[in-house]
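What follows is a set of structures to go through.
Look for chain A in each of the two complexes below; its partner is chain B in the first and chain C in the second.
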Partner chain A sequence: MAQAETIDAPTQTSPLLDVRGLSVTLTREGSAAALVDDVSFSLAAGEILCIVGESGCGKTVTARSIIGLNRTDPRFTLGGRIDFDGTDLLSLSETQMRGVRGAKIAMIFQDPMTSLNPLHRIGAQIGEVLRNHTDLGSRAIRERTIELLAQVGIPYPGSRIDDYPHQFSGGMRQRAMIALALACSPSLLIADEPTTALDVTTQKQILSLIDGLRHQYGMAVVLITHDLGVVAGIADRVMVMYAGQCVEAGAVRDVFRAPQHPYTAGLLASIPAANRVRTPRLPSIKGAPPVLTEGRPAGCAFRPRCEHAFGACVERPGLEGVDHLHRCWLPEAARAHLAVEAGRVPA
Partner chain B sequence: MVKYLFGRVLGGVVTLFLVTALAFFATAFAPGNPASVLLGNMATPERIEAITRQLGLDQPLPVRYGIWLRETLLGNLGTSNVSFKPVNDLLLAAAFPTVQLALASLVVAVVIAIPLGLILAQNRNSWWSRPASGLITLGISVPGFWVGLMLIVLFSVTLKILPSGGYTPPSKDLWLNIRSLILPVATLAIYLIPSVVRFVRVTAISVLREDYVDTARAKGTAPAAILLRHVAPNTLVTTITYIGLQLGVLISGAVVVELIFSIPGLGRLGLNAVLNRDYPVVQGVVLLAATGYVAVNLLIDLAYALIDPRVRAR
Partner chain C sequence: MSAPALVQVDGLKKVFASRSPFGRARRVYAVDDVSFDVAAGETFGLVGESGCGKSTLARCIVRLLEPSEGAVRFDGTDIAHASMRSLRPLRRDIQLVFQDPFASLNPRKRVGAILEEAFRLHGIGADRAERRKRVAELLGKVGLAPSFAERLPSELSGGQRQRVGIARALALNPRLVVADEPVSALDVSVQAEILNLLKDLQAELGLTMIFISHDLGVIRHVSDRIGVMYLGKLVELAPADAFYEMPLHPYSDALLSAIPLPDPDAQRRNVVLEGDVPSPLAPPSGCRFHTRCPRAQSRCASEEPQFRPYGQDRKVACHYPLDQPEPA
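And now, the complex of A and B:
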């Protein structure tokens, strides 16, 4: 079972990141909620994996667990393994983990307006990473920072380095955050909805910047998004999360062509893309995902919202498949029809 | 930046003008005639009338205010109705002990309260966090005069190591001056510390939830460095404003402390003047206290601009 619950990266060598049976439990006022439930995936060097799903399905919690932002919070309990470069990150001490953060694994956040300290100059905030992880002197740090700012497309980096965040636009701040993340050439970048807070034209620029830099730096990227258009444009692999679990995972091409889970089909149907079969109204998935702190639905968590739910769905489905994984009780013929529902093939 | 400071200075001047008006009219409308208080047992209708004329109290109010305002702007606050000494001299003599007391208490309070609040915020999840917060709430509810009296009982009466009151100017004997201020400063600082600690703690906890603290953690920065480099400055921005507002508490606290420890400061001068209906002195004390309040808050606005680049940009 544990063997099946993975999306293995299509490489012969051991993957860069290998998450096995990750669970994250939030305990608050005596009640515990599984925010992430037995999630496994792996990622090879240089690959982009997109984690998609609606808000509150555990994408961000998964990402923050990898870089260990919630490990010192007493309300969170983490289980499973997160093997990175051959080491289980969950077994590291907090001090050892600090040596990984910023150096080997970097993270950029959703809102560039709030993720930079308003009181420090941009240059000082980027320099802080270099000071944490390298022996560079202050002049070398400054030179490297200017180089990084130039690399992420900040004009006049030699003078903008001394600006404060409020002198930068939203797009420029996210570029500065990317420069900060790149400072120590990490092998894994976690980007938590890096474009959600930006306007559409800036979104495209930031995404192509990330894509370009991963080729240049050869770094793997875990990109969290709820925009399947982004997934189609940038990702190698995709993992669809629902209620803290992986419900479908595989190569982007496979998942988009033949979604195997009604939730994925629903998400695909709701993209207002030009190349899909037109319907008079943009379809949407009825209802809202369960609030995990208030309890998970028994059986398949998607059952209350699923138009295909039948008797078997009261049991909890397992993750099935080899390269293209899904967690659904529907028989193969019914799952094959989901592509039509998703608007990927004419009815 | 210039525009920001200009606005602040203008605001301060307007505040001061309003305070002068308030100080003047509040005393003018207060019941009781200064002349009869002054004469006491010797009061006869003729004498009262003579003194009233001598003090200029027979003039219409707007005229009296105009004269007072003009003289005040020229730096002349008049003479005391009781001691007939110039108010300027009385204020000058009383201001020094008060400023010394208030500044020392403020510095002691801030130096203790800010690190304490930050440490409490950093350790908000540890087992001693709740009892410590309870202790602070208790500290806020304890009246300042009670602390002062308890300190006198302990250090002056029981241990006999510190004077129970009085004041020696530093020009006379610096050591005695310091000794005479230890208990008053402790009283006032203990009075101020709990509320500042609570404010710093609450502010720092909300700063710790800011996204840029996550960014700092994702950089691999150590918790102590995050606290000092990222949390403390951002907490300070709002805390200095709060301390500016606490100045009123400090001034009223100083009055109580001066009475308990019989320090010849502005608080005692003002209180005695109120009891004697010595209006020129009352007005002088109010004006001086208000000027101090406005001046310190201007300094705080300046400090605010020094810490926060967004304010400088205005």
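And now, the complex of A and C:
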């Protein structure tokens, strides 16, 4: 069967990561909410896929499910398949998963202050990963740690290795987190809003570091962000999520040049970009994203906020398209016009 | 500038002393000799990275902090060292909108009570019923239904909360609103709505606004003039259009080129700044930016550049501004 309902890595070889029909349900106080609903995507080595969306759209839950951070939490139920390097991660036991986590798949988080232990030296925290996943002796571990810190651009790594996290600036902490993630040369890095807490000049440094690492080591990256500017700068492919579902996905140029979903178009139109001439008003999307634990809108989840909603939208649309996927009932001509709305082509 | 200045900041300094039980006391110049004017009805955008002193400056202007030196003249009166009692009537004229709509609203009070408080404190409205009517009007002004008065902050979305924060600032018909990162905690689709609201209200009420943000994109869409801060100092001041066309200070240029543009084919210039912002406890000698500046010369390390008028309506603190050829 032709896989129409997924965005696949462009290579013909089997992808490194292949997520099929992932669903995550949160059960709380007797009521269940689908936080992630039938999400599929795949990723080849050396590729950067950005998952973009606003708060509560399920992008972080998707990322945490890949690395299995919510699998032992009884409130979460996971469904579907997450094939990584030929193994379904959802079928592994927690002990087996611990061997994958940190070694083959690593993750970095938004806030490097809360994800580093303030009571342990930077070097000890990186060394712990090496001790758990490799056979290196303590001298070799220290050498490798210094090498890693140098690799992520920490000045004087030989002395900074004995610093505590509070002695590092925000940008250096995120670099240390990346060094920690790289310790075992993972083939997949999951980065959840890695630059959101950083200043723009530091953000630029961190993004070019991540981009350099994937070129150098062929590491695949799933980057979660709410910033379409970051996506445009670094992604090969992009998946736009809304209310727990993929609403649009494709090569970054296709999606930015010709958005096929009114939500993507609305997001693109509403960015007060610095290269955009000031206008009296910024286009905006009315209302706010739904809170999934309070129930999702029936039919198309974006319908209450959509300027284009019509009769068909009371039914839930499926994902359509081959390389550039969209979940919208609008006819092709109307979707083609969305690029104008998004300010991508002159009217 | 034809309109008279409503706010004049003149040689403003704010020094914080850090008293550590070990070693000697250290002084941080969070704001160091900053001067600028804001004309009535104008929006002044203040931009800089974390720790550059922009929030401290805002707090000195609204007198949540007392400046260490210098003057803040509001409508001609110096309020820099005015007593709390004498500031009381002025509090109606100067209001602050905070960054975090989650932390700045009392979670135990209903929206109506939060907004009514200002009326009560300033003796506006003869009785409860009239104050409630005013609350409903105020909610209407920021695009919320009157029924929102009965809600608790926890029942509101981020955008709705920020609307309440704006309504509270507008309750007493202020002349100056200082907005400190008012949209940075919001989602993009909501951010645009709040920016539009602020612009509409400004046009409708003739507000003067000081808008603080780290985001040069957001700043562009609201500001008439822009000031860039680095390590406690203003380094550039320019009309918005001129600034985006041609920044003069190398730091402004680095900030502009670091902003991610939502276009995969945008021309990206590669001004990657090395390292981090130096500690304000020990700012570099000479020009504070010289340690990271791609154009720095030996003179920059020893001689501090004056913040001087430059061309029409502009000011810059740089020995080698960007409209000059790169020094050999």
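Criterion: the second predicted complex is superposed on the first by the 339 of 347 C-alpha atoms of A that agree within 3 Å, B and C clash if a C-alpha of one lies under 4 Å from a C-alpha of the other, contacts with A are read in each partner's own complex, and residues count from 1 in each chain.
Convention: contacts are C-beta pairs under 8 Å (C-beta built on N, C-alpha and C of every residue); 3 or more make two chains touch, one makes a residue touch a chain.
Quick caveat: nothing in here was measured; it's all calculated off a predicted structure.
Of the two partner chains placed around the shared chain by superposition, chain C is the only one that A:284 touches, whereas chain B remains out of contact.
The wider contact with chain A, measured as residues touched, comes from C rather than the other of chain B and chain C. Contact with chain C, but none with chain B, is seen for A:252 once the two complexes are overlaid on the shared chain.
Of the two partner chains placed by superposition, only chain C is touched by A:205; chain B is not. Applying the stated contact rule after C-alpha superposition, one finds that A:320 touches neither chain B nor chain C.
Once the two complexes are laid over each other on the shared chain, residue contacts for A:228 go to chain C alone; chain B is not touched. In the overlay built on the shared chain, the residue A:272 is in contact with chain C alone; chain B does not reach it. Within the superposed three-chain model, A:117 lies in touch with chain B and out of touch with chain C [touch as defined at top]. Contacts of A:85 after superposition: neither chain B nor chain C is touched. Chain B meets chain A in the complex at residues 125, 210-212, 214-222, 229-230, 233-234, 237, 307-310, 313.
Within the complex formed with chain B, the chain A residues making contact are 67, 69, 73-74, 98-103, 106-107, 109, 111, 114-120, 125, 128-129, 132-133, 164, 166-167, 177, 180. Here chain C touches chain A in the complex through residues 49-50, 157-160, 187-193, 195-196, 199, 214-218, 220-221, 240-241, 244, 254-256, 258-266, 268, 272-273, 275-277, going by the rule given at the top. Every residue of chain A that touches chain C in the complex is listed here, in rising order: 54-55, 155, 169-172, 199-205, 207-208, 226-233, 252-253, 256-257, 266-268, 270-276, 278-286, 288-289.
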